[in-house]
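Order of writing sets the labels: A, B, C, D, E and F. Residues in every chain begin at 1.
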Amino acid sequence: MKMVKAIIRPEKFPDVKNSLFDIGVVSLTTKNVKGRGNQKGLVQQWRGREYCVELLDKMELEIVIIDDMVEKVVDAIVNSAKTGEPGDGKIFIVPIEDVVRIRTGERRSSALH
Amino acid sequence: MKMVKAIIRPEKFPDVKNSLFDIGVVSLTTKNVKGRGNQKGLVQQWRGREYCVELLDKMELEIVIIDDMVEKVVDAIVNSAKTGEPGDGKIFIVPIEDVVRIRTGERRSSALH
Amino acid sequence: MKMVKAIIRPEKFPDVKNSLFDIGVVSLTTKNVKGRGNQKGLVQQWRGREYCVELLDKMELEIVIIDDMVEKVVDAIVNSAKTGEPGDGKIFIVPIEDVVRIRTGERRSSALH
Amino acid sequence: MEYVSIDSLNVYFFMWAAVLVFFMKAGFVLLEIGQIRRKNVAAHMSLKFLDMSIVLIAYLFVGYAVSYGMQYLWGTLVPGGVDTGSFAHYIKMVMFAIAAVTIVTGAVAERIKTSGYVIGALMIGAVIYPIIESFAWGSSGFLANIGFHDFAGAGVVHLVGGVLGLTAAAVLGPRKGRFKNGKPIPIPGHDVTYVVIGAFILAFGWYGFNIGSAAFIAGDGSNIASVAIATTMALAGGTLAAALVTKGDPIWCANGMCAGLVAVCAGADMFSPLNALVVGSFAGLQTPFVFRFVEECGIDDTCGVIPVHAVSGLWGVLAAGLFIPAISLMSQAISAVVIILVAGVSGLVVYGSLKKLGLLRVSENAEDIGLDEYLYEMNVYPEIPIGRES
Amino acid sequence: MEYVSIDSLNVYFFMWAAVLVFFMKAGFVLLEIGQIRRKNVAAHMSLKFLDMSIVLIAYLFVGYAVSYGMQYLWGTLVPGGVDTGSFAHYIKMVMFAIAAVTIVTGAVAERIKTSGYVIGALMIGAVIYPIIESFAWGSSGFLANIGFHDFAGAGVVHLVGGVLGLTAAAVLGPRKGRFKNGKPIPIPGHDVTYVVIGAFILAFGWYGFNIGSAAFIAGDGSNIASVAIATTMALAGGTLAAALVTKGDPIWCANGMCAGLVAVCAGADMFSPLNALVVGSFAGLQTPFVFRFVEECGIDDTCGVIPVHAVSGLWGVLAAGLFIPAISLMSQAISAVVIILVAGVSGLVVYGSLKKLGLLRVSENAEDIGLDEYLYEMNVYPEIPIGRES
Amino acid sequence: MEYVSIDSLNVYFFMWAAVLVFFMKAGFVLLEIGQIRRKNVAAHMSLKFLDMSIVLIAYLFVGYAVSYGMQYLWGTLVPGGVDTGSFAHYIKMVMFAIAAVTIVTGAVAERIKTSGYVIGALMIGAVIYPIIESFAWGSSGFLANIGFHDFAGAGVVHLVGGVLGLTAAAVLGPRKGRFKNGKPIPIPGHDVTYVVIGAFILAFGWYGFNIGSAAFIAGDGSNIASVAIATTMALAGGTLAAALVTKGDPIWCANGMCAGLVAVCAGADMFSPLNALVVGSFAGLQTPFVFRFVEECGIDDTCGVIPVHAVSGLWGVLAAGLFIPAISLMSQAISAVVIILVAGVSGLVVYGSLKKLGLLRVSENAEDIGLDEYLYEMNVYPEIPIGRES
């Protein structure tokens, strides 16, 4: 099993959610994170004087799936989260050794959904 | 070493904390996350009209431990976080290659506690 | 590739950011987390009566890099985040199997920066 | 011992009232921003500053003259100008004017352009509202002549403001995401506490509005005391009725309280306490239902201006005719129709033209990222992390 | 030139005061919700709307008659009713009544059922408070007859409200988690700014309460000016004393300011500025200590109603006897005992019965998930992520 | 029928005004805390409680005597004391005094020690401000004698408060991080809504300040009505001008509104509406530019006290001379210089000495972790997660 950990633009979340739904992926966990990378910081103003917020609001999705689904999920995210501008984000694939469903104690892939 | 990454109901945290303490696990990191899965979304109202919040508040615990502790920790969490209703959450086991204690520079398991 | 996952004191972030910058690491993702470990809880007051906040505000950095950079990044963080007091935090090294840049679909290390 | 002249007491009385009415502005701001999303709060507050300052100026130069006589045109209402006796009246009426104008923002929040909104406010404050004011309250206004009784502006202020808000909301169209396949989806505001405190500030100022609508304090003072009692009972009825039909939802209690206060305005000088209780209760009662109905019609009335100001104002005008023998229901009804027509047509013309000129609605992009970021690169609560599911 | 009659000035003066007292409601709301957790804010505001609207109505029909004469029963206080001269008095006294009743919420917050709270408020506003009011302020009230002096309600309003709050809190029991093995654990509120602003709004309204307690403005006006000075010095003393014993903690400064204002009420018309300073200072001083003591007794007084209203009210009643030669300390003490007994017994009966009937306390589940979610499925700040360690 | 004496009306009028001025405190609190970071909010509110309570007391014992005659020393202004006629005047003037003193906090926020701040406030409230007050408003004050006209304190209150703030900010030095290599870096506050609501509360209270500065209500009341009109037009001009040069930024609108209100104070009794509009507009206009200039000079004026109070106050004093024929520009200019010198020198001495004594500035550690945590171990919004990028 793998965890697909995707950092996306918050405003793209509804689209990403839908395209994941289309390939049957419902379960996921999200976090509000802040990030920096190629995208330039955000210029903000206070009393009309500018200052730069370096860390930008991003949303992180963590989706644990069986190995066979990884490419499908990656494609779904890339297609729905892309704008082509710097700041679209990254996907990291993390190995997962086991999964437990707290409600039942089930293990491994049967615990996933 | 492994990271036990558990997604639980926020209101169960005090119980989980205590049962981890009972097996000697004190150190942990928590995050406020939002998730979706089998549990239905939360119906909320605004001006008396209902709307559905799809992403529910969850709490994520990250606990890094030596391999031998994994089962104990999983059991402690399952036992204390379970309600039997959909939404109790999942535990993911993630491999950890190394640990560093920033204060001392110690490495591996001696850095853990 | 590895993910360097560092839990630090929030007030040390500016220093850490700068020393990472010095070794060429710009991209990173941050989260506000809360943690507990060796550091004692924070005593707070309400109406003059004390209570203890057990979970302390920490900042988590996630930095995905090529394997060769790991030691450099760890050193940079340790050097800049250390105060010598309990609570300085931990660094966890997590294996990463793949990386995707959402904007371009690039994979592996070329997707990193 | 020297004695006090009637004039000096009444001028002081008007000052007291005008200052309370001025403070309603803070109530409107809180009531409204509580019902919108955080990303548009600064822009909304900017609208409130702009409409207030512009109308204060326009009413001095033009509006007051339109309402009360052309001798006051171009600010001749100055020391050494035509009529020192009008000073106190002017200051009271200009505060009424800024209240009337600012009702509209509640209906158009989160999507209107600053330019369009300000032009609209200027038209209303300088011309539309004063015209209706002159009909009802001007010397020999034609509604006054047919017996229209609108003591504290249920019609002149609230029905006008509410109908203008309705036209503006209709012309603007709903906020993005407000309807899905024609089904209304609520867009929660960001702060229920602000809604409640805003309503209490409004109610506080409303006492100035209503009591201060008396032309003078009678010898035994009973005229202003009975207005105060009627106002209080209407406020109680509006709150309680709204609470009963919504299980005490504080947003509706706040709106119901305001609705009761709107409705009592027309006959606050003549309603018995029981009349006022009934009138206010009905106003509070209808508020959630009318809001729902307006939604079903596809109109996005962000802060509930239509039930609270338009419908309660209309109800108040009619109720004065229904409950008070000395007031003709027919005159009230005719006047209401005239007001609705004048306000409705002007609203459609003004907002329709602004739309044509591309001055009415912000771009979809601005709406998405939020007006504060778009206009000011501003985060209104810079230290609060953003928590809305987008 | 026409001159102003004494009546019209005094009626206007009462209106000014009544409207300020009305605004205290907003102060109570902010002061209290700042001291509770976010998950119960909407429900708490709902209580405030409900007690206000119900008492406004009940006092018109019943309460005022209980206090000031049965000729006013069932709302006969209407234009054309018995007594136009009472209008202004009524409007002032009904505002006092809603203030007295609403004190209780501060002691019972975060765990009381809406139904039980509202029934309690109705009993207080229609019967309990008016009875005590009639003793002290009614024509030939028996406390008045023995020489009880309570100018602006340190006893009638605050001691009554505070004692009722105490009984309600005692009967209800503490919030879950408020004590651990008998040791008090603080449950922090959610917004210290609201506490402070609420207190300033209260103080603002309090000037109406105190100054407006004068039965009339004397020929040279000195009677109301000296009330204003006493009020101001008590406010200053209460704030400063609370600050000194808490290193300036703003929550205690806010509470100390209110405590000073409570204590000065009884003799605000006769205290010298120095008297008032001392009286207010002592009230502010005791506030943190009494709060702590109440906690140690296992009573969960959410917002500090007992030190601020009950104890400061009692102190104020006694202080009037102590400092003012013309007032008998014995009469004050007897009256205080009577008030405490009547309020205390009624409180125990009312809240005890409500408890028996299962109408007093919400379920543990409701308390856990929060009353807003439980009652309204409402999140009072929908865009602020939840940050409390649960 | 009995008639009302002039005295009783005027005393009541002063009470009305004084109570409104008191409420400005809540406005200052909100306006200022909105402009600072959350980590210092409780400490800042504590300063506001402390300066208020201390000045209320100090002015009773010393300040009022310094300003208006030594017969009032040590609180002899008591019932049975020297002069019952002064009661109402005292209560009005003490409210002016607390407003003047509290201006300073805006300039020194987020870094001043409580002890130093309080000692400074005590010096200002007991001595510095009363001395200047006596020059301008005392019987046979020397500025009054040369023809200085400062109706409602543009000079006496705002210029004094602003200049004291300037000296304090200069002596204190900027907050950590406010400048980087001499370049100003903005430190955003935490709540723009509070800034706006605070400004509206201030404006509301300002009507009491300005209208209440009349020594009496004239027979036809026109004197107070024309003050109200001037105040209103200045408020409108200040808001609109600030909006125009900042594209409607609500922080600047709020500050511009206050600036307009400051500037109109000097001649509010004699400005025509048009004068007032121009005077207020210029005050609003300069606000953002002067703020920027002050920044460039390396002075960290946290809440913009220098443009809003000092510069607008100065402008108002001069504008009265410029626009009103009966007022000598020369007298106004000389008086402004005197006020600036007295306030400036006293400020430098007081804050300079406090600095020498180590009582002025908090430790770097306290500034880093925040004054609330440092002083009170308090989190002002315990349930809102901390979201500022540190």
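Throughout what follows, a contact is a pair of C-beta atoms (placed from the backbone, for glycine too) under 8 Å apart; a residue touches a chain by one contact, two chains touch by 3 or more.
Computed from a predicted structure; not experimentally measured.
For the pair subunit C and subunit F, chains touching both partners: A, E.
In terms of C-beta pairs in contact, the better-connected of the chain pairs A-F and A-B is A-B.
If each chain is reduced to the centroid of its CA atoms, subunit B and subunit D end up 51 Å from each other. With centres set at the average Cα position, the gap from subunit E to subunit F is 32 Å.
Residues of subunit C in contact with at least two other chains: 31-32, 34, 44-46, 50, 54-55, 94-95. Residue positions of subunit D with contacts to 2 or more other chains are 1, 3-5, 7-9, 16, 188-189, 219, 249, 376, 378-379, 382, 384-387, 389.
Chain pairs recorded as touching, per the definition above, are A-B, A-C, A-D, A-F, B-C, B-D, B-E, C-E, C-F, D-E, D-F, E-F.
Listed in rising order, the residues of subunit C touching subunit F in the complex are 10-11, 13-14, 32, 42-46, 50, 57, 59. Considering their complex, residues 34, 44-51, 53-55 of subunit C touch subunit E.
On the side of subunit E, the complex with subunit B involves touching residues 368-369, 376-379, 382, 385-387, 389-390. Those residues of subunit B lying in contact with subunit C across their complex are 3, 17, 26-31, 64, 94-103, 105, 111-113. Contacts from subunit E toward subunit C in the complex involve residues 184-189, 246, 249, 251-252, 288, 291-292, 295, 304, 389.
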